[in-house]
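Labels for the chains are A, B, C and D, by order of writing; each one numbers its residues from 1.
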Amino acid sequence: MQIEKYKIDEHNQSMLKEHRRRFDFIAAGVSDAEAILKKLIDFQVAIPSWALGTGGTRFGRFSGGGEPRSLEEKIEDVGLLHALNRSSGAISLHIPWDIPGNPAAIKALAAQFGLRFDAMNSNTFQDQPGQQYTYKYGSLQNVKKEVRRQAIDHNIEVINYGKQLGSDSLTVWLSDGSCFPGQLNFRQAFQHTLEGLQEIYAALPGNWKMFVEYKAFEPNFYSMTVGDWGQSLLYASKLGPKAYTLVDLGHHLPNANIEQIVALLLMEGKLGGFHFNDSKYGDDDLTVGSIKPYQLFLIFNELVEGMDARGMDHARDLGWMIDASHNVKDPLEDLLQSVEAIMLTYAQALLIDRKKLVATQLANDAVAAQEILQNTFRTDTRALVAEARLRAGAALDPLALYRNERVREHLVKERGAGTVATGL
Amino acid sequence: MQIEKYKIDEHNQSMLKEHRRRFDFIAAGVSDAEAILKKLIDFQVAIPSWALGTGGTRFGRFSGGGEPRSLEEKIEDVGLLHALNRSSGAISLHIPWDIPGNPAAIKALAAQFGLRFDAMNSNTFQDQPGQQYTYKYGSLQNVKKEVRRQAIDHNIEVINYGKQLGSDSLTVWLSDGSCFPGQLNFRQAFQHTLEGLQEIYAALPGNWKMFVEYKAFEPNFYSMTVGDWGQSLLYASKLGPKAYTLVDLGHHLPNANIEQIVALLLMEGKLGGFHFNDSKYGDDDLTVGSIKPYQLFLIFNELVEGMDARGMDHARDLGWMIDASHNVKDPLEDLLQSVEAIMLTYAQALLIDRKKLVATQLANDAVAAQEILQNTFRTDTRALVAEARLRAGAALDPLALYRNERVREHLVKERGAGTVATGL
Amino acid sequence: MQIEKYKIDEHNQSMLKEHRRRFDFIAAGVSDAEAILKKLIDFQVAIPSWALGTGGTRFGRFSGGGEPRSLEEKIEDVGLLHALNRSSGAISLHIPWDIPGNPAAIKALAAQFGLRFDAMNSNTFQDQPGQQYTYKYGSLQNVKKEVRRQAIDHNIEVINYGKQLGSDSLTVWLSDGSCFPGQLNFRQAFQHTLEGLQEIYAALPGNWKMFVEYKAFEPNFYSMTVGDWGQSLLYASKLGPKAYTLVDLGHHLPNANIEQIVALLLMEGKLGGFHFNDSKYGDDDLTVGSIKPYQLFLIFNELVEGMDARGMDHARDLGWMIDASHNVKDPLEDLLQSVEAIMLTYAQALLIDRKKLVATQLANDAVAAQEILQNTFRTDTRALVAEARLRAGAALDPLALYRNERVREHLVKERGAGTVATGL
Amino acid sequence: MQIEKYKIDEHNQSMLKEHRRRFDFIAAGVSDAEAILKKLIDFQVAIPSWALGTGGTRFGRFSGGGEPRSLEEKIEDVGLLHALNRSSGAISLHIPWDIPGNPAAIKALAAQFGLRFDAMNSNTFQDQPGQQYTYKYGSLQNVKKEVRRQAIDHNIEVINYGKQLGSDSLTVWLSDGSCFPGQLNFRQAFQHTLEGLQEIYAALPGNWKMFVEYKAFEPNFYSMTVGDWGQSLLYASKLGPKAYTLVDLGHHLPNANIEQIVALLLMEGKLGGFHFNDSKYGDDDLTVGSIKPYQLFLIFNELVEGMDARGMDHARDLGWMIDASHNVKDPLEDLLQSVEAIMLTYAQALLIDRKKLVATQLANDAVAAQEILQNTFRTDTRALVAEARLRAGAALDPLALYRNERVREHLVKERGAGTVATGL
């Protein structure tokens, strides 16, 4: 299923007048609207292949039908999203769920949709059929050399798939850890993991990056061997210049100040990328911005400030990816909402008057600093982002068009009501 | 120090053109702007007398100067806020910090500023000079009858002060609890507390309400005898129809869903009032809306929905009060920011299309429900609230006027740089 | 597989001398050892049928082999545990995972092992094959009447199975809630749920109890419709005298004071039962006592104190059950460890000198109160519990005997390495 | 007030028979009791001078009387504790609260009591009378150079006092941070702080250590500039080999795995010292071991394992200090309880069969690993620690002797009921 261009044009035409009214209003209050629009058009968020199916919990999964049955269909789904919003121009694959039988063909298919391949993801948190050794007690941390070997080899295999697809980064998320005190020697687990990462690192092509993702808990409930940004940074520092920390918004202890972590990682030149989602309790994997939109804004504030301070390219120098899972929503609708939340927030961060903010900071004027941030956050950037979409050839209201076109209905008809995509 | 009317008019005149542009934009998108403006004008948030001085922590207090030295000066300060925003038409006193020497004169003074007396607050969490028994081990929960007696009598005394001032409610916040396992018999502590509250309840005038405030921790760090909404509701139910639960936004365990608590208390007819502030970790007492503005919106969503369902008067049927403390800001500026955050959020809650929201709920359409809430939250209501202020005779931008008029400078000149107001 | 009596005797004989040394030491320091031993022998903890297989997370499940393939085998497993410790004399079933084809035969089988049927558990958090309506958007809370009807009927069906097996209670755990703000009208969700519970309540036999279990989050990540003890108590109070609150140790927000909740529920006569497990982050379902053993002790302190104050029978007047899940342990070993932790802690709670504790509380002597609790907790009760087991005909060291007899090996041989029991 | 030697002897004599019974029992089960006793005798925990008075919260302070009025009296108090338990042979001073007028005399006085001077503590979280610049907006992080200069100079002054007293370490705890988003540039705050620490570091004598203490929140409630172990390690690594991280048990986000942090810091050679206390919610500063004794055990497990792996001297190579504050207990009693909890737990950690534990870890046998840790934790080490005290010339039951000798009564008589020691 594809959305044809004329459908988008019709949709935009029907909304254009009201859009103009709204855009003119916001544009009149912004000094560098054109520069901001350009940045918004450039900014792309990768879609993870596993987010295209309904996400489940250990208590069950309630599929909504029409889920992609193959890598090809996953690419089609992302292509559809990208056609709608022109901000989802990349896909992040997961091995072994998305092994490309014919990499060249897959690459060509993606290119047709304007998609590139973002970070590759390995999986050593589950046992696959036919796998020789179990990851029940961890992978890279494992006390058994042969298990570590298997996990290292798997990661190198993932790199190889990525090379063929034109990806240039590997995200290593390890569920390694322990459920009970005493189960693990923390130091040894760290050392084993480091050694494994070093071998994988050595297999990276010259232009690749490795993202070391951390997580506070789940599926291990006593300790995690890459448990927080401090641990991840330690690994990344010991590994070398191609290794970076990856931040997933749902992977922290309660009340963590994530924006400060982001700022410090950028300061150290060690922030690699982002997994966007939202959460209230733990790794809830909810729609981006659905629970704590102001926190998202504060994070983008640090991203823009910190990247600009290092002369980084917003669109290219960090890995941007959604990592959400969703039991009660149509996954594609959820992704549209997530991308929208990211774009609106990025736009707000671009609107912050940084000179004024610095001046308030130098004056220890917390009241004025708050005014600047809050007034920017209170600014309605929907028309700005819509205008960027309009100029990029996307839909003014992607979700509305998705619904009007009854996309899910078509997908169910095409693929069946009982399809279940690979993933959690 | 007062802000004269003509200053406000001048200020408004200078901003009027831009305000019109902004107001016209938002008004064009709202069907019942007039009705909403009326509600905004009616809505008043009480200022607690203890928030007029710099708040401290156990690690220190950094006074900013010009703090009110007497109850009269506190009323002047609130009068000043109310002149600026016409939304702070009430003051909440704390006994013994604010014992009115001449109640009639105090009442008259307040009336001059257009202020009424909101809930009276008792204090049994500190020992006062000359006090016979210590509250070191609690007040109403105390194992010693004479301590409980003293605490009960104090509360009745507070009611009596309130009667003279025209207040009609008593907020009982107890710091009672324990710091160590074994220190307390939980059941007995509850029973003692209930008996004490019953005596105080019996002393309430016919038209009064009693607000039973809960708090999860601090200053007791093992247990609190009114520790959560469940406990507070238990007390309020046993006490009778004049007893209600009071919700303070900073008094919960991490990640609590406060808006659900609010909805259920309204369902039970037992929500009495609110202490607004914001927090990231505990009872941080930060400026309202400065950390989790979306949570504040979701709470107001439930408040409006729940009050409307019971036919309640938004402005009069619940007690609205700020309870913030602020070490790094000018307290008056902080209060202006807090009131502004409340008004903007209340305005957004009024804008929610309830019929549509109900329809999405009946269709189990979580995506559309989220769209409705988020699109409303993304709506910039600043011009709407400013218009309400304009019509009420207040300033379009209270904080800007406060700064332009150099109010703090005047207060410091008048009262001295070393003054410290009573409070925490 | 069964452990024959003579094996237990041999095992005990081999350990007897050292046991005597240890038991004599502890007995010399305890005034009423015999009374305590009697209580320990009486105390039985129900084993949930779903804990007999390896528990998983949404990230995977690592079965260890030899898992029970049928209800009969589950009963055999519990029989085996009970033979080893004589403290696991009950089993708690879950419908539809454990539908008894021939209830009379099942009942007889259980009786052979000395087992009775504890609380029945319904399941409306998953969709079953062939089920007419989905629980994707909740069961009793559902906006659709037909879904609520289906969930009510299911619960009544569960009661009917329970009647045939001699159970006398129903545990209702609802995963109902929402993942996104706006998805649900909280008040309506509560009312629908209450009405459903009322219908189920009406179907309870005269001597039955209904346990309303609460949980703070998971699998819903924004709100839970029975989310905390306050909500559960509200339901239970509205339902009537047969309805009680059930406390699961892993179902709270971070830092909750669970022992105080227990004390207050006992005070209200509304504590119904317990799901024992342990957790560090959320509903981690770890082995009882493996993370916070002192918290477990403080909870048992309140249980013993509160039950004695109401003249309740420790062994019979509350429902005691383990609810753990375990990805990295042999489930049967884990259950042996869990039961052991419960027995040791119960023994400690029985050893508390309550008169002295009350005296310290009346003297506000927090230091002495802490001394009493901590000195009791520091008392090594292992020999006391072992003696109780010895007298009851069980093994001095159940886990050691289990391992010596290579039970798991036998079970794998008998049932296969790839068996996966029903459950999470 | 001092406890004369003969009083201790009489006390010990009266308890000796029962002690023997208990010690013989435990000694019979331990293979290397003598070696353990030696380690217990060697182990000393420093007492902070500010813990000798009643601690308060922002809601009030309830002094118990007899608090030390001078540095000399503080040393006497610690001397008294040390006489009672022979495990409190060091005192940690806080400048400016404890400026020694005559350092030589103070040193001699301490020596009389067998006390040495542990880490010196600076204070840049409060303004002192006569101080030129305010720390309202931070100290080393401050945007104003003159404030940073003042804070640096203060720390160097503290080092100088320490040199005269024979201390060899400086603990830097900074309350620096922010209360509101936007108030601070995180990166700049870090850089300023680093530069300040570098200047202080340069002033350290050759044999000194600097401890960089971290804290998650309070008194700043949005961000802390040394907020977690990751940040502290970053500072310590950039500073050099004399800089270390200091862990305070109450300074973490909810649910943090502190023992893992300890293990990793030891692995990096960057763990410097410990502030012992306990907490349920935040920096509650409760008595050590009063809330989570098993966590304390797991931490000591890592400490012993990690120090042994590096060949470190348990008693000398890390800084051990209590940092508790206590509103409802006699501070000296509280310190006796805290030291006791530390010693009992250290004894347990020494009892762990490390060879067996390693074997279980290499076998991925989580059940057996838990058995080893829990059985050790369940072992009652009270008689072992008492024996160590007996051999060191201290009291078998320090708290009982303290109470029998009515020490507090004497102190109140000597110093007055209204004395308030410096501190929080």
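The criterion applied here is as follows: a residue touches a chain if its C-beta (ideal position, glycine included) is under 8 Å from a C-beta of that chain, and two chains touch if they have at least 3 such contacts.
Predicted model only: the values in this text are computed from it and were never measured.
Novice: If you check the contacts of chain C and chain D, which chains show up for both?
Specialist: Joint contacts, listed by label: A, B.
Novice: Compare the two sides of the chain A and chain B interface and say whether they are made mostly of the same residue numbers, over half shared, or of different ones.
Specialist: same
Novice: Rounded to the nearest whole Å, what is the centre-to-centre distance of chain A and chain B, using the mean of the C-alpha atoms as each centre?
Specialist: Comparing mean C-alpha positions, chain B is 39 Å from chain A.
Novice: Using CA atom averages as chain centres, what separation in Å is found between chain B and chain C?
Specialist: 43
Novice: Which parts of chain B, given as residue numbers and ranges, touch two or more other chains?
Specialist: In chain B, residues 136-137, 178-181, 183, 216-217, 222, 254-255, 257, 280-281, 287, 290-291, 294, 328-329, 364, 366, 370 touch at least two other chains, as defined above.
Novice: If we count contacts the way the header does, which residues on chain D are in touch with chain C in the complex?
Specialist: Residues 21, 25, 28, 254-255, 257, 280-281, 287, 289-295, 328-330, 333-334, 337, 341, 344, 364, 366-367, 370-371, 374-375, 377-382, 399 of chain D touch chain C in their complex.
Novice: Please name which positions on chain A make contact with chain C in the complex.
Specialist: Residues in contact with chain C: 56-60, 62, 125-127, 134-137, 175, 178-181, 183, 216-219, 221-222, 254, 279-282, 284, 286-287, 290-291, 326-329, 424.
Novice: Using the touch definition up top, name the residues of chain A that touch chain D in the complex.
Specialist: It is residues 136-137, 143-144, 178-188, 190-191, 216-217, 222-223, 227-231, 233-234, 252-257, 259-260, 263-264, 266-268, 298, 301-302, 305-306, 309, 357-358, 360-362, 364, 366, 369-370, 372-373 of chain A that touch chain D.
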